[in-house]
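What follows is a set of structures to go through.
Paired with subunit B in one complex and with subunit C in the other, subunit A is shared by the two complexes that follow.
Here is the complex of A and B:
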């Protein structure tokens, strides 16, 4: 892990009419870090992630991802990030291989490297023999892992995962986190939102969001000591109640 | 360009894998052409006539004979009172009542002038107009015959009307309607499929995954247009084949000109679909909006009634009706053999239209979620 900041957010505000979804967010994420972006449903996690990905414009504030300004150059950010949405969004009526080929092609990979990456990623998931299956009939856990693989296919610098493990069984969740660690070891920065507090223990840094504001930010161990709690779960309850 | 290739490949895989769409692409033109061309006809083949002959002379019978002999009339009712004959009009069992007064023959031979009355059912104004025109022509024939009979064989009518119909010499209604139906077919396939396709991606959420990629807006638009453009052009070709095989559709002009114009026209039609899908969020919404435009455009397109006879304000509005241009041009090319020079105004209009509507579509398509 270097000390270089790959995400820099300063006084980010996003309003929908009178409702403030993100209230003066300020934080930095270092290259190669796993950031757990925690918060209850409706705390403003997805809103923030969409702004960082360049598909939603902030009301005010400065946002820079992979060295590019999110307001001025959202398209340059898009080339350097991977994104996995809360809602499963690969094509259900295409086969696994066709989905990989499509997104590889969109990110400008050559036909040869599309083939190589598809094989490599599917073999890691032990799904290579299913490559000609249409996605529709596959179990949700498989689909989530495939969506993650598609998101890292073009070797992005930052991967945004919006509640990647919601609705997935504990075994698959565990496997999913192994994938996240592998990607992190390759030097990719992982930005993951979740409301499973046990997952937060796996992160290098956690951010606690309550009602549009970041209430706590730091390493899980330090935060637990600071607030005098045993687990991130207790920390969350303590912060959310106040 | 490589990116677009990948995207188009994806669209085709999805279209050919769709179990409802593929049969529809083939079934739609056959059903529409075979049924609509035969059913949506303005020709009056069977005009029901009720006769009220109060004269009962050979002359009056000769006149009735004239109608009976015509393939368009069916003289199947007779009555002695106009009141009762009117009842036939009321219950729709008759389209026209002919009332020959007593003394018809006597007046005609004696005073060289006689009256006869026709009552026409005008619920359908267009049909009534046609019946009137047919009837007038039969009566004028009858007049000529009387003149010749009275004045002897050597008499020649001062002015003889001798019509020849250009571009559709048999006045075959089918070959007039068929190109019109082709216009609707090609447009519906292109416009609907394009618009529904994009909105479906919005509903499924797959568009969000595309929006976070560095894909350019124009690439997105082109990739949605090309597959449906190819399908729409295929529909035109398929429809023309059906027309030639089953309806003796002529082709006076060149296929190259027709397909070139169709291509330009499709930029507008699909651009329209793209624009509507950019401003809609659900399939329901886009269907409803499109239905509104389609219905208005088709009725004002000139498929049934000439656009030139519409009021001025309607003709002004019609400038934005893409159907109107294509309806006009396809008939010009197929029936009249018009070339590029004859349709240059329409080509030019369509190009301007395409630039405007596609710019709007690209501008309105937001890469946001």
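Here is the complex of A and C:
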């Protein structure tokens, strides 16, 4: 982990009419860091992710991702990030290989590197022999892992994961987190939202959002000491209640 | 460009992999054109008639012969009294009963006047009208030939010629209408459903986050359907020409260009519908009810616009298919060129521009 900031957010405000979805968010994320972005439903997580991904403009404030300004150059951010949403987001009627080819193509990879990356990532998942299977019939756990692989296929600097493990069994969740660690070791920054508080313990840094504001931000261990709680779960409940 | 092509390729894979989509794209157009061509007819052929001939003389036999040899009527049965007429109609086969009065020939010679009664089954009024017109005309012809009425002084002869459609074949009217209907449905419904599907499945989010521009996404989704709709238009024309003998008297190039314009319009309408629908069902519902019914009812396809109440006439003026059908009929049947259809072309072009502007605005709004 270096000291280079890959995400810099300063006084980010997003309003929908009179409703303030994001209230003066300020935080930094370092290269290779795993940030757990926590908060109850409706706390404003998704809104913040949309702004960081460059598909929604902030009302005010400064946002920079991978060295690019989210307001001025959202298209440059898009090329440098990977994204996986909570809804399974590959195409069910295409084969595994066709899905890789599609997203590789969309991100402008050459034919050769698409082939190489597909082989590399599928072998890592031990799914290479299934590459010509249509996705529809595959188990959800496989699909989630495939979606993650597709999201990191073009070597993005930041990967946004919006509740990637919802609805997946514990074993697959564990395997999924191994993939996240590996990507982080390769220097990719991981920005992940989750409702599983045990997963939050795996993160380098956690951010706790309540009603549009970041109430706590820091290493899980430090935060637990600071608030005098035993787990991130207790921390979450304590902050969300007040 | 390479990114865009990768996206279009995927779209084509979706279409060819889904048998239902393929069926809607290619099966329905062919089925519809054949159904409309063969089943829905305004002309009559082989109508069953019954004859109650009370005089059974030279003239009545000749008239009956003339009716049944015309190709329009078949003699189903002969009657010997008036009582059964009601029952015969209720049986449903016979649509017309011809009743000759007693001493038909004698009266005709002596008084220059004899009566034949035509009783039609008017539970289908349009058809009853057609049947009595046809049979009346045949009887009139007979009298003219037999007594050389042409030589009477002070007679005005009206000689009718049906231009552009000599035989009044209804297929000439249905092919252009069906073409408009199918292009509208296939282009607008299929695009709106395919965009709505991406929204419903959540894959749209991934596309929006990708480096593809929103315009590229929309154009990429539409491109395969442009090609398929052009293939559809050609299929319909080929069927019309070779199966139903429809003429194409004007320029084929102009016809194709106008079709492409109409396809573009339908596609942009489809995009607009998709921006308003959260899922596939809604997209389909709007497409069917907002496009299919008005196209069938208000475009002049089946019902003449001139006969509608004023309010519906105004409504029909904003129905794109109305103009396309006019253009098609002009080019195909009358053989006219751009000089006669520029007004309709301009209207279609204007509507296309409006739909595109609206959907771009809506699409951007949704991103926020």
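Assume the second predicted complex is superposed on the first by the 242 of 242 C-alpha atoms of A that agree within 3 Å, B and C clash if a C-alpha of one lies under 4 Å from a C-alpha of the other, contacts with A are read in each partner's own complex, and residues count from 1 in each chain.
Methods note: a contact is a pair of C-beta atoms (placed from the backbone, for glycine too) under 8 Å apart; a residue touches a chain by one contact, two chains touch by 3 or more.
Because the structure is predicted, anything quoted here is derived from the model rather than measured.
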- Quick one: on subunit A, after the overlay, do subunit B and subunit C clash, or do they fit? Just give me the call. clash
- Touching A:228, do we find subunit B (first), subunit C (second), both, or neither? neither
- Query: Thinking of the overlay built on chain A, is A:79 touched by subunit B (first), by subunit C (second), by both, or by neither?
  - Reply: both
- Touch check for A:56: first (subunit B), second (subunit C), both, or neither? both
- Query: After superposition on the shared chain, which partner residues are touched by A:17: those of subunit B (first), subunit C (second), both, or neither?
  - Reply: neither
- Stretch of subunit B penetrating subunit C in the combined three-chain arrangement, among 98-106, 116-124, 134-142 or 152-160: 134-142
- Message: Identify the residues of subunit A that lie in both the subunit B contact region and the subunit C contact region.
- Response: 53-57, 75, 78-79, 81, 83, 85, 87-94, 98, 101-108
- Which of the residues in subunit A come into contact with subunit C in the complex? 53-57, 75, 78-79, 81, 83, 85-94, 98, 101-108, 160
- Residues on subunit C engaged by subunit A in the complex (per definition of touch): 2-3, 5-7, 9-10, 13-14, 17-18, 201-203, 205-213, 367-368
- Query: Which subunit A residues qualify as touching subunit B in the complex?
  - Reply: 50, 53-57, 74-76, 78-79, 81, 83, 85, 87-94, 98, 101-108, 134
- Query: Given the complex with subunit A, which residues does subunit B contribute to the contact?
  - Reply: 2-3, 5-7, 9-10, 13-14, 17-18, 204-206, 208-216, 367-369
